[in-house]
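In what follows, structures are represented as structure tokens.
One chain, chain A, appears in both complexes that follow, with chain B as partner in the first and chain C in the second.
Moving on, here comes the complex of A and B:
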């Protein structure tokens, strides 16, 4: 028989196994995946250009919108960059509250991902459980910030309004409702024999290879590399909080699941430590921001222009924002550096090149990397 | 606030490492910034490849992104910022900054040094029109099938003007609907 030619099919953007608004061109030989190419751009809205045409404080509203699942960490990145440029430091209370909000965002992002992961592996009960747990966090957000999905609770100089009087009780109550469900998911899903058979030894990115592929976040940590921006370059209240960085050993899809579940427990630990330190009666939660950034120094010394930068650990990995301001009400340039691009390009290419993957494995691998496609498009 | 303010006090080992490992004569300046453990290397565009290779050997192993800034009215250049960090050394970050002329934006590719640079270069090609010499696959990627205008993130591109000219009563207003050719009749050969 003659050698058959690879056949190209589209996976996504509406496929249930695709992680969101992104497609893959997949070349198949029989059932075996020969090559997969990313087709991004379904959710490109030109955030960087939009932010150049709006005021500094208005851009806060745009800053979280390129990732539905994990909005607050990206919002925090933008707010920190603007504060850095203006030379303003937020009060201690604002820093602590922002850290709590960002950690809650990490938990809800991981729960959202658990829903996808359950869907990709065919464990139909997991999505319901995970979304029920996420709903508790959304209710908490609704109570504290006034919004469910995009919160805009942080603002350059602090937080937008004071926390409610029963902040501590509400937060702990929300966590107490979420954590039993996480424990249930752990018992029913993580050690499940069928899940292990489908995820162990699949999608292996192990050891230093992950760094060479420029991967970041839980993918890097599941590969066994202890690297977390919250530890290596601490920001906000992470300096004086006690937590661990969970790492994997094998670097396969199952390790990535385990690492994320353990990260939920660490986030809970961080929130429980911080919630003791905020007091609703303390009214020093925001400082006034100047309207214009400080005057820039004379040209042509390039780096002497006003610049602000921030570096945060979002749920998917390291996110950075770089803002450039000339003396204007609007930013001159905002660069959003987001974590998902390496996961779906270099890491995916590496996995497909080094493993025998069938089309049924592909959704599991893509979902276990947990990309957020809109942050590739921006 | 300016970046180069507040040089780190005392001896900075990573700064010394960067100075020592970069090829002499190929960089202009290495500075510690006011951000702790973040450094800037100023270079000329022709020295990009040797500098990035030296940084990779020195342990700056994770490539993060390429950023382009269009200094349109202030100076006719694109400024390129290459972000690399070191997982091996525990987190220091280096930004390599260079400028290329705005009327002929061309620079060497580094896609063989860091794999992610391949995709970052495509992104900068489509949004700024910067050509990367030696890159085999410069094309529209995020804007694929969807864009016919100039590179949209350049400062001289006015979004509102373009939209009004093109869509609302403009070139693409009430454009004729492309109909498919009817399939050839079957069976009669």
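Moving on, here comes the complex of A and C:
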């Protein structure tokens, strides 16, 4: 039979195998995937431009919204960049509480990803369990911050409200409800023979190649490289907490799954250490920043000229925010660097080029990379 | 290993479902801090427009309201379009007189016409206001209608 030409099909954005609001153009030869091209832009809202048209402290409301699944780490990145520009340091209590909130966000993001991963592999029982565990964290968020998904709890200079009186008990109770479910998922899903057969040896990105492909986060750590911004360049309260960086050895899809599960345990460890250090009666949780103008003037009394930069370890990798101020009430420029873009472009291309993968493997590889389409589009 | 997964599945099979029937069986999940519908104390509002300036979603417009408001000579009050509002509470934070506050009325409660809830129809409330000689009330204004809400005592 004559060699046929590759056939192009669209995967997504409404396909259960697609990670959300992105599509792929997939070229197939029979069942084999020859090439996959990312089609982003379905969720482009122009955050960088929108942020230029709002006040410094108002942009906090926009900053979590470019990644639905892991809002607080991105909020923290923006807040840290603004603090860097204005030369303000948040009080110790605010730093600790922000770290707890960011770690909770990491746990809920990984649980959300577990739902996708279970869906992609056809393990229909996992989404229900993972979302039930995530719900406990969302309830905790509602109790502490007042909202479930986008919290707007941080602000340049601290946190917006004091923590509730029974913060420690509520936090530990939420963790104690989540962790047994994570353990069950680990037993029933991660060590499951079917999942191992479908994920082991697939989507291998190993060693230094991951650095060259610009991958960060769990994908990089599963490749065997011990890199975590929380350890390399500690921010907030990560300096004085004791935790490990889980790494993989093979760099395949299964390693990435295991690394994320182990990260949930490490996040729990961080929260348990930090929760002892915050006291609700301590009222020093917010420093007044020179942001608000007196009501009679349309511009602030103090404005900054310069730039601020921050980077944080979000659930999907390194997020960076660069802000430029020109003595104005509003930022001159906000540049967001988010972790998901390389995962679906360079890493995906590398995997497809170096491996024989079929159309059935594609959703598993995409989900194991855990991209967040909103932060690609912004 | 396979047996273990099966046993775990059985464990979850005999459990009560996690799903809750909101609002049929259980009330919406709100806490003390839940940020919901706004309340405006019209006796405190000075019409400074700070809430309008700070709003990230551009949901607040100033409306002129007739009446005797000593602290508000321009007689302009914020009206919040709940179709745009993100409930970030920046307007509450920025309000210099503390006139704006937030309730825990969210989601379903905001849209319902159910008489059992604390949200009453604007016509009923307006009629009630007209009866009182010295009305002690708070107001929230949406795009289309003025919704009056009586101030809870105590």
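By definition in this document, the second predicted complex is superposed on the first by the 364 of 378 C-alpha atoms of A that agree within 3 Å, B and C clash if a C-alpha of one lies under 4 Å from a C-alpha of the other, contacts with A are read in each partner's own complex, and residues count from 1 in each chain.
Just so we're on the same page, a residue touches a chain if its C-beta (ideal position, glycine included) is under 8 Å from a C-beta of that chain, and two chains touch if they have at least 3 such contacts.
The structure displayed is predicted, hence computed values, not measured ones.
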| item | value |
| --- | --- |
| Contacts of A:144 with chain B and chain C, given as first, second, both or neither | second |
| Touching partner for A:48 - first (chain B), second (chain C), both, neither | first |
| Touched partner set for A:279, first chain B, second chain C, both or neither | neither |
| Superposed model, chain A: greater residue contact from chain B or chain C | B |
| Contacts of A:191 with chain B and chain C, given as first, second, both or neither | second |
| Contacts of A:322 with chain B and chain C, given as first, second, both or neither | first |
| Which superposed partner A:354 touches (first chain B, second chain C, both, neither) | neither |
| Touching partner for A:346 - first (chain B), second (chain C), both, neither | first |
| Partner chain(s) touched by A:58 [first = chain B, second = chain C, both, neither] | second |
| In the complex with chain B, residue positions of chain A that touch it | 39-41, 44, 46, 48-49, 53, 84-87, 208, 211-214, 216, 220, 225, 227, 229, 232-233, 294, 296-297, 299-300, 302-309, 311, 318, 320, 322, 324, 326, 332-333, 335, 337, 341-342, 345-346, 376-377 |
| Footprint of chain A on chain B - complex, ascending | 1-4, 31, 35-38, 40, 42, 61-65, 67, 69-70, 74-75, 79, 81, 83, 85, 87-88, 90-91, 93, 97, 99, 114-116, 118-120, 127, 141-144, 146, 152-153, 159 |
| List of chain C residues in touch with chain A within their complex | 1-2, 4-5, 8-9, 11-12, 18, 29-35, 48, 50, 54, 56, 86-90, 93-94, 96 |
| Residues of chain A defined as touching chain C within the complex | 54-55, 57-59, 61-62, 125, 128-129, 132, 135, 139, 142-147, 150, 152, 160-161, 164, 184, 187-189, 191-193, 292, 295 |
